[in-house]
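Okay, so subunit A shows up in both of these, paired with subunit B first and subunit C after.
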Partner chain A sequence: MKVKSYFFRCVQYVFLVTAFVLAVFPFYWMVVGTTNSAVDIIKGKITFGDQLIPNLKKLFADYDVGRIFWNSCKVSILTLIGQLLISSMAAYGFEFFASKARERVYRAVLLTMMVPFAALMIPLFRLIVRFHLLDTHTGLILTSLASVFLIFFFRQSYKSFPKEIIQAARVDGAGEFRIFWSIVAPAMKATYAAAAIYSFMTSWNNYMWPLIVLQSNNQKTMQLFVSSLASAYFPEYGVVMNAILISTLPMIVIFFSLQNYFVRGITGSVKQ
Partner chain B sequence: MTEKPIKMPNYGRPRWTLSRYHRYGWFFISFAVLVLALFMLYPIISSLIMSTYSSRGMIQRFVGLGNYQRLLKDRVFLQALKNTLIFFIVQVPIMLLLALLIATLLNNKDIKFRGLFRTGIFLPAVTSLVTYSTLFKMMFSLEGLVNKFLLNIKLISTPIPWLVDPFWAKITVMIAMTWRWTGYNMIFYLSGLQNIPDELYEAAKIDGANAYQQFARITVPLLKPIILFTAITSTIGTLQLFDEPTNFASGGVTAATIGPGNSLLTIAVYIYNLCFKYMPNFGYAATIAYVIVIIVAILSFVQFKLAGERR
Partner chain C sequence: MKRLLSLVLVGLLCVSILGTVGIAAEKKGKLTIWAWDPNFNIPVMAEAKARYQKLNPKVEIEIVEMAKADVEQRLNTVLASGAREGLPDIVLIEDYNAQKYLQAYPGAFVDLTKAINFKEFAAYKTELMTLNRKIYGVPFDSGVSALFYRRDILAEAGYKPEDLYNITWDQLIEIGKKVKAKTGKALLGFDPADGGLIRIMMQSTGEWYFDEQGNPKIVNNEAIREAFKIYKKLMDSGIIKQTSGWNEWVASFNNGDSAAVITGCWIIGSIKAEKSQSGLWGVAPTPRLNLKNSVNYSNLGGSSWYITARSRNRQVAEDFMKTTFAADRDFYQKILVGQGALGSYLPAQDGPAFTEPDPFFGGQKVFADLAAWMREIPPVNYGLFTYEADSALMAVMPDYIAGRIDLDTALQRAAVQLENQIAF
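Here is the complex of A and B:
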């Protein structure tokens, strides 16, 4: 019996270690790849090479990486601010000013979460064209301002906020916006952080919609850049690897510095 | 999720009338409602109307349900539908089962380095769909890393034509997707498992239940709402598969075929092609988009039923 359970435990560890190695290895290979030549990468070299400087030089000489990186930052941060403001306000209205009519609106809003983006894409594209926002960051940001998931996420968190505090503030004569802005919002910092990470990650990693909206090279985001680099006829894989690393690095940094918020941002909505 | 009792609250504020209450309520949600109406509701309705038109460039013609009839004879569409469904049927169950298994193992307090395992296995979820597709495309090249490894451990004697053969191309994309999403789904299960009290498992052990029985009789039934949630989000995600096929295909979005023999052509890619690659036919593309909506609705309904009946 003892031997059997010992054996069972070993199998569990072997399984977990295998899963861990498989999950992490591509990251190692990505880092190694930045220092190798195209041929070495395509032949699967797994040790560090000496091509890092040439690869980087080529990347920065041939492309305006700084600008592309800045484009991604700008789009993601502005979308984040808009999404957080609009969604947290809406959730506040739905939760603290509940009424039958607004509850119906809320349910209709939730239902749209089931509609795939592909079904919205074409009318959205025509809308963008009509407003002359094609190939602009404004068009990209404006159409991404509403996030149904975030409204839902904020409302779930507000549920645990004690309503007595709001009542007390009202008795003391605080205005409604002051209650929202300087009492409720500061108390929900963790929720805002989680939502911010979720929002940033979604727009940073977005590919399909920017691909449609943005067309000229100096408007491109990191994802579009990596994609076009890698789908060239003769891709410079060493250069591609560096671009991949640069585009992934912000997410990795955010992940490791704010790991707990990050996980909350993803799971917060399903906790009962 | 739904709260019934909605009464005028007594906030003890002087001159606080019902109309003021509603005015603030509508104001707080107004921005979101405005944006959603413009960029969500309008597109949903507009593409439904569009799907009854056929267009060639600027010329539009009302065809009623003609587009929907055309679908059945469109071989490219049928291939895209088949490819998409294969991805859904094969990849989603394997990934969710794997995620559930890892989460169950990591929920066991006797396992050491749980935090490390959790972090490592989750890490792929921070990569963007473009970057991981590109990364895997390089790893699965003919003379590349994966083939080299499999040859070295003598698992295969000739290199596998990963991205050259239609069958293997699908397998490659499925492997990559499983890499990217397993840890992501695992996190949902882990947070759900934390809500299951340990005593339940203790009691089951005393009653002589083995590990499998504990898994099937306690873990799965209690996690059902979360499993349902991950199943539906994975369904929506898989049916819209776009970033992976286009980035795995040599030549990217502009390639003549997506994957060898169009083996990676998905519905979403076909919609993109109809709008932006060929002479645009927005009406027909909108029809296909609605097919995705219908399939998602049906599959979600089936999943709800499945989850409900096994109670």
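Here is the complex of A and C:
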């Protein structure tokens, strides 16, 4: 019996270690890459080198990395705030206001998730041109303010919110805004955190739409920058790796700081 | 009174003519340029910009840097949307894709046939941007191909540089066998899933995947048949180090595992990156196919500049391209030294940078040689679907190499696949 459990534990650990290596190796390789020259990276060197400073110097000398990073942060954070506000309020409406058309409208909204972005791209582009929002961050943020997935996500977690509390609040004379702000939203912290991670991640990694909307060097985001660095007859991989590392940092920070909320938000936040 | 009036009028006319001349001489406006490659096209364009702005300080030029796929994606979206906004004035397009843009978006690019003297550019470069006898671009970098080899390894196997000139692929394979036997090194790093060598072999005969009408020409294409046989021979001969993907392939010669590379001249940057191999390299012309029309000169890759017809500053854009890429010989020396960019502007090619011996290549005048070979590249119309044809052929290559299907079956299958893919 004891031998058997020992054996299972071994298998378990071997599996976990393999999974760990598979998950962490690309990240390790990126970090190692920041310290090596392009030739060494191509040759497959996987130990730390001494090129970190030259790579960083080249990156910061040739490009306004600070500005590009700030562009990405600005777009992602504004999109995040907008998406959370609009989606959570929309979901509140869908969940707590009864009406005949409600489910039909909701289904229509969900259906729009089925339309692939490629089909929307050209009409959306024409729209942006008409609004004179080409090459502006406003054009980028405005078009991504409504997130159908987040509306769905918020509504699902509102379903577990006790209706009695809302009814009680209404009886006590609280307006809907007040109920939303002071009662529902504060109880949903974990849901907001999970939605925030999702929202930040998608807009930070968003590629196609910023590519089409943002036209000048001053406006571009980290993802566009990284991809332009690597498109070359002779790519400077060491420099590229540094840029990639910088572009992953905010994701890591956000994820680790909201990690606990995230898990709770996904598994359901309010207990009845 | 009449006389006075006519005098005044004539005077006014003179002033207005002088005025327009004065305005015409002083260019102003803003040019936006889209390009890729931070170590090549971008600094080259930056050099052109600096030179032009010295003459025309009022012209503002923004070079927008993005990945090649992104340039294509963005160009497609904006052209397809029909919007007037959002296009650059000048855009870099890869040569293999040029016809796709010219034919898919008629009138989108400026016809430069009369504006530029195209006789001064390598003939094969103008051919690929010609549509209905009109020429639409300004030729830029050449991907003239060559056999880059390690002098030390080939000497060890008993070969002199002359032995590599004017040879066929079959002769090269024999050389490779001797190199392998004497030194244990592979002759080439070779990725059987990469169709680049097929394109080199094909262009050396002046053929392409398509006939003059643009219809696929696969099964009865002698150049492709020959190229397929060479691929199989290379795999069977044991003289190659099989690689997968770009990085492994570059590593095969950076590591010193293989004795030679056959590809476009833009590989020089990657070869020179391995500084420990300085002085050990040499360059010879590309091997040719065992066909009558095949020559020892070919090309792989390269790209060119195009001016968009909707540009608000079209005249300035034309003038910019004319005074830099189509006139400035000194500019071409500068970018050759700085970026190793080999332009296809012929008058620049007897300049000092071209005739400079390169110590990395054992003192060989590499660029003078490459420039001479560039003039001999057979012109080819790349048609609309180079990459589609390439992937159709590469899809059947593994089965053909493994001997599971014969050449005819393989090419027929590829032809069917290509037809299906490009049928509208």
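Structural remarks
Assume the second predicted complex is superposed on the first by the 242 of 272 C-alpha atoms of A that agree within 3 Å, B and C clash if a C-alpha of one lies under 4 Å from a C-alpha of the other, contacts with A are read in each partner's own complex, and residues count from 1 in each chain.
The definition used in the following text is that contacts are C-beta pairs under 8 Å (C-beta built on N, C-alpha and C of every residue); 3 or more make two chains touch, one makes a residue touch a chain.
The structure presented is a predicted model; accordingly, all values stated were derived computationally and were not measured.
Superposition model on subunit A: subunit B and subunit C are shown in a clashing arrangement.
Once the two complexes are laid over each other on the shared chain, residue contacts for A:248 go to subunit B alone; subunit C is not touched. In the superposition on chain A, A:212 makes contact with both subunit B and subunit C.
Touch criterion not met for A:165: it reaches neither subunit B nor subunit C. Using the contact criterion defined above for the overlaid structures, shared-chain residue A:143 touches subunit B, although it does not reach subunit C. By the touch criterion stated above, A:129 is placed in contact with subunit C alone, subunit B being left untouched.
In the overlay built on the shared chain, the residue A:97 is in contact with subunit B alone; subunit C does not reach it. When the shared chain is aligned, subunit B and subunit C each come close enough to touch A:42. In the superposition on chain A, A:12 contacts subunit B only, with no contact to subunit C. By the touch criterion stated above, A:119 is placed in contact with subunit B alone, subunit C being left untouched.
Among subunit B and subunit C, the chain that touches a larger number of residues in subunit A is B. The superposed model puts subunit C in the path of subunit B at one of 1-9, 19-27 or 73-81, which is 73-81. Residues 42-44, 121-122, 125-126, 208, 211-212, 227-228, 230-231, 233 of subunit A touch subunit B in one complex and subunit C in the other.
Put simply, subunit C touches subunit A in their complex at residues 32, 36-40, 62-70, 73-74, 77-78, 80-86, 247, 250-251, 254-255, 266-267, 269-270, 273-274. Residue ranges of subunit A in contact with subunit B, taken from their complex: 8-9, 12-13, 15-16, 19-20, 22-24, 26-27, 29-30, 33, 41-44, 46, 85-87, 89-90, 92-94, 97-100, 102-103, 105, 107, 109, 112, 114-127, 142-143, 145-146, 148, 151, 166-167, 170-171, 176, 180, 201, 204-205, 207-208, 211-212, 223, 226-228, 230-231, 233, 237, 240-241, 244, 247-248, 251-252, 254-255, 259, 263, 266-267, 270-272. Across the complex, subunit B meets subunit A through its residues 2-3, 6, 11-13, 16, 21-22, 24-29, 31-33, 35-36, 38-44, 46-47, 50, 102, 105-106, 108, 110-111, 116-117, 119-132, 134-139, 141, 143-149, 179, 182-184, 187-188, 191-192, 195, 211, 225-226, 229, 232, 236, 239-240, 242-243, 246-247, 249-255, 267-268, 271-272, 275-276, 282, 285-286, 289-290, 292-293, 296-297, 300. By the touch criterion stated above, subunit A contacts subunit C in their complex at residues 37-39, 42-44, 62, 121-122, 125-126, 129, 134-135, 208, 211-212, 215-217, 220, 224, 227-236.
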